[in-house]
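After the structure tokens below, expect a handful of questions from me.
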Amino acid sequence: MVIVLHPSATQAQIEELKAEVEKEACSIWPIQGKFILVFGVVGDTGRLDRDRLLNKTYVDKVLSVQEPYKKANRMFHPENTVISIEGAEVGGERLAVIAGPCSVESEAQIVGIARQVKESGATLLRGGAFKPRTSPYSFQGMREEGLELLKIARQETGLPIVSELMSIQMLEQFVETVDVIQIGARNMQNFDLLKEVGKTSKPVLLKRGLSATIEELLMSAEYIMAEGNENVILCERGIRTFETYTRNTLDLSAVLALKRLSHLPVVVDPSHAAGMWWMVEALSKAAIAVGADGVMIEVHNDPTNAKCDGAQSIKPERFAVLMQSLRELARIERRVI
Amino acid sequence: MVIVLHPSATQAQIEELKAEVEKEACSIWPIQGKFILVFGVVGDTGRLDRDRLLNKTYVDKVLSVQEPYKKANRMFHPENTVISIEGAEVGGERLAVIAGPCSVESEAQIVGIARQVKESGATLLRGGAFKPRTSPYSFQGMREEGLELLKIARQETGLPIVSELMSIQMLEQFVETVDVIQIGARNMQNFDLLKEVGKTSKPVLLKRGLSATIEELLMSAEYIMAEGNENVILCERGIRTFETYTRNTLDLSAVLALKRLSHLPVVVDPSHAAGMWWMVEALSKAAIAVGADGVMIEVHNDPTNAKCDGAQSIKPERFAVLMQSLRELARIERRVI
Amino acid sequence: MVIVLHPSATQAQIEELKAEVEKEACSIWPIQGKFILVFGVVGDTGRLDRDRLLNKTYVDKVLSVQEPYKKANRMFHPENTVISIEGAEVGGERLAVIAGPCSVESEAQIVGIARQVKESGATLLRGGAFKPRTSPYSFQGMREEGLELLKIARQETGLPIVSELMSIQMLEQFVETVDVIQIGARNMQNFDLLKEVGKTSKPVLLKRGLSATIEELLMSAEYIMAEGNENVILCERGIRTFETYTRNTLDLSAVLALKRLSHLPVVVDPSHAAGMWWMVEALSKAAIAVGADGVMIEVHNDPTNAKCDGAQSIKPERFAVLMQSLRELARIERRVI
Amino acid sequence: MVIVLHPSATQAQIEELKAEVEKEACSIWPIQGKFILVFGVVGDTGRLDRDRLLNKTYVDKVLSVQEPYKKANRMFHPENTVISIEGAEVGGERLAVIAGPCSVESEAQIVGIARQVKESGATLLRGGAFKPRTSPYSFQGMREEGLELLKIARQETGLPIVSELMSIQMLEQFVETVDVIQIGARNMQNFDLLKEVGKTSKPVLLKRGLSATIEELLMSAEYIMAEGNENVILCERGIRTFETYTRNTLDLSAVLALKRLSHLPVVVDPSHAAGMWWMVEALSKAAIAVGADGVMIEVHNDPTNAKCDGAQSIKPERFAVLMQSLRELARIERRVI
């Protein structure tokens, strides 16, 4: 950690600061410039409260040398984490393909789609039972009934299921039912929810918030891991920018950054990022080409009548074609689908 | 609502669309341009699912003519809403000044600060008991004990208390204890939490999410109001932009937009927006000058040792000076403090 | 075009509006809703000034049905534009690979790099002679001398050259010297420069501004094309967002949008977007996978001592490896390198 | 400056770095942490090329301790700069009010408006002769003729004139004609133009680019000042964010930041930021309340028929009312209008 003092700092203030830093068993290396005094701080600087330091009127800046996350940090865990999910794997040589409808609508719908995506090579089934919607007047999901239908689809196809958890009340039921708990973008900093999920051992798919930095996403993973659950899959799903042509802007360089900073697997959701079905195939290929560990794709047998997000869903036939492209691509990337 | 068809739309598709729209008791007015066919749709267009329409491959765009919120909409409720909170009022002639520490740290601290801000003219006391923090290793608040200390501060000063609710589990206790439930920026789209808060009659201070549009903020207010609780106070607290000098960018034009679009009161939190104590006074004045119904200001007796956000807190003596400025300003704005 | 009237609009105002619209030979289709009156406008709506309409206090919104660009619009020019540059082609089956140093530094440097990238398969040579730098104290390029050295490099290798033009004063010299005039991101809306470049017939590589929307990029292309020069290559090079890990956020979905909206070729510059050399290979592959017509890559023989942007430059040996990957990828994309 | 080394840096690399830094007469203070080696660098670090340092694969981060601008920096010039413009002053006790139409349209128009705003208390007249427009098909200004009409307006009213310069070709004529050269947001990083303007002694009003950081704005001011012209007025005019309700988001905290970091005067343009006339009065008041040295306001006698930006222009009568408000406000801010 580097502390930049204000040029007006008095000797007494400098001594106060030194004492405070040294109390936390950190040592100080003063660097006297022409105009500015800077302190290099060495030791377990995580024990120093950055905010408290910035509180001091005579402290100008606090620059971080090390990242604030530990368990998610590749520096302390150089090998890739591979997460096992009922036979499927995320983060290893094999690419994960999570496919299915935005929301579960009926047994025929979810079982039908599950069969089709399984046949094309999907490795996990997605399907929303509880849906976060901007408007209170929009369809909010089939809720508990949706979870039951997902179980049937898993039974019929063997595909592990991924579904979004929106509140702690439903946690127990999710742990019993689903194979991967999804935390949606809007809940990425719902810290109470993260902590509770961290107390289970269920794999978690953590979506990047609409305006979350890469560091904040890793800090949210840290919330889960700090409670003991290290089975976290990170998911890039587009960020909010000034561009309005696409629903969000898919940030594929984030995949590279996350893989460098962390050992956790990273998947990409092009459907939510783009919001337009005709972009999904090309963006999925780009995600694999950039080095993602998998993709998450919305597939619906009848997008025109889908109860939500039909505009970004592709049909099972098109998904089969997409899988063909991804397979070719995976081969030259030395990955397997 | 206006539906723009793709130039390739066939007659059969056009008929399908017409049938679907008319089923919802809306009528269609076709407008044939040189290249493009457009449908004007009239009636209760809220019954039409915008997403479903966009699903159709032959629909190019769906343009909204009316806003999607109803209860929060000034069109249907032209007078300003004034919310009464144990003697205090938000949204009327009198400006609300919500002051207090980021987090409750001890009885002496919260009672001391409460007395000082009351003396300077604050109308409500803020203080966090449960704190959302980016890092799991940061101080997370005194929790239930913090709520108890807030009660003591209210008893000692008569100031109604505002505190942030982070999860449904604590709702009952908040309803019994606090006077205004704050929903933080990170939970602005925690829809389950919004619905539950909407089932109570407790005033709610709803903070704009870091990257929430004005329309999304109003849709979140609508979630609360749709459940029956119309006592919603909106709060602008800075949005995330590319600029990193300030923690967030305070969007004062949002105050004007919100007051025009909605009848709900709007307050401004300059402390969180700027993240720097020396900006708070000037931004508070700007907020009142632009027409906000009040401000929310972090005040701490010992910012240097504050357990959180000390860098953006001002001391009680400085708060007294700020109140003096706001009083002068309020007078020329024909408001009262 | 759709004009939404304010509920308070009077009959006289409505008549005024009608007269104004009809004067421009457009016809009006009124749509009377429950609360709101809307006008559908048909005809050559490009003759109506959107701003002028919005000026009227009784006009609430003006919604566009058609895109504001014409010559760049795929609707009126369905086939892809292919641009020929001294033997090289951009926009056809063959992918363009524009490689070279950020700035020309010496004859040995530029000729050496040109030979190496040519050998690995680059199709055009890039090299800056005039450099836009944030700081007036940074290296500003070798200027005229740099152009001379580029000519030598072309003579030695046969590679056509791409270089950035920063002001009209140098236009004549650029027309004589370079094969493609690059307009940098910071000059994307330097309209006077665009117009002058539009009066030549030289191919133009137009970079997207840091915060330019897709529509604004196409409007800037329109400025060039409206003057008669239709040889415009669009270039996505990252946009400014809240994320600071990468220099900018590469927006690969923009490639898809641009290819759909326009017939112009689109290339991607991953070097400037990321700002980190170790991201360049993966992002180049993603660009080709998403459907770009080529990439623009910074290559330097001695990045550590490069006079600018060394951190994002790759070495010639690494470029050779990258070309190997792109070739494999091009094959499965049915493209050629 | 602080240089963070990669944990894998070898002794030879460390020595190389030391040699390079010391060659520029800077001294190095090594700080050895548990995992990471950090170098504090002292001396005239402006001579070190940050980019060159980042080029080295064994350098992880380069953290700046000091700001990169010098002439614009308040650290080396603590007193406010006050700029004199033919009797008017910007940056002193007296507030600047720059008012006038978006573009000059006729003699009657510009002289009429000039008289009216002068009577209400405006101190400078604005009026565009050359207009940067997103579309090549929009009105581009009266050009040279517009400048002539501005001269007549100045003669009739005595108000100094402010007008936007778009390219170097017109510089000489601007120097002869106008009193303040405006550099528009789109040209804030047109570095060639900045340098040329810097060679004159004419006051310059430099608008912040749509997506320019506060530091970049100051670096652009530095470009002008480095050439010898220190008469630079900074102008906040809204930044591009995800919010689309307003044209741009007015960033009033930037005024505070600019006043702290620099000695240059700062004015605010609420008309362009908001894009809606009904927001202008309230935002102008907020700008003065936050501490700006003045405002720049679009006034048009016939906004409905204005050739550009009528939607954001206010009428002279309304401007008179606004001036009344600003006068009241100025008084409590201890400023004069």
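Here are a few things to note about the model shown:
For reference, chains read A, B, C and D in written order, and residue numbers begin at 1 within each chain.
Note that a contact is a pair of C-beta atoms (placed from the backbone, for glycine too) under 8 Å apart; a residue touches a chain by one contact, two chains touch by 3 or more.
The structure displayed is predicted, hence computed values, not measured ones.
Chain centres here are C-alpha means, and the one lying farthest from chain C is B.
A comparison of the B-C and C-D interfaces places the larger number of contacting C-beta pairs at C-D. For the pair chain C and chain D, the distance between C-alpha centroids works out to 26 Å.
Chain A and chain C have Cα centroids separated by 31 Å. As a whole-number value, the distance joining the C-alpha centres of chain B and chain C reads 39 Å.
Across the assembly, chain D contributes 211, 240-242, 244 as residues in contact with two or more other chains.
Those residues of chain B that touch chain C in the complex are listed here as 2, 4, 7, 29, 31-36, 38, 40, 42-44, 61, 63, 65-66, 75, 211, 240-242, 244.
Taken together, the chain D residues at the contact with chain C in this complex read 46, 49, 51-52, 54-57, 68, 132-139, 166-169, 186-187, 189-193, 195, 210-211, 216, 219, 222-223, 226-227, 240, 303-311, 313.
Those residues of chain B that touch chain D in the complex are listed here as 211, 213-215, 239, 241-246, 249-254, 256-257, 260, 273-274, 278-279, 282-283, 285-291, 325, 328-329, 332.
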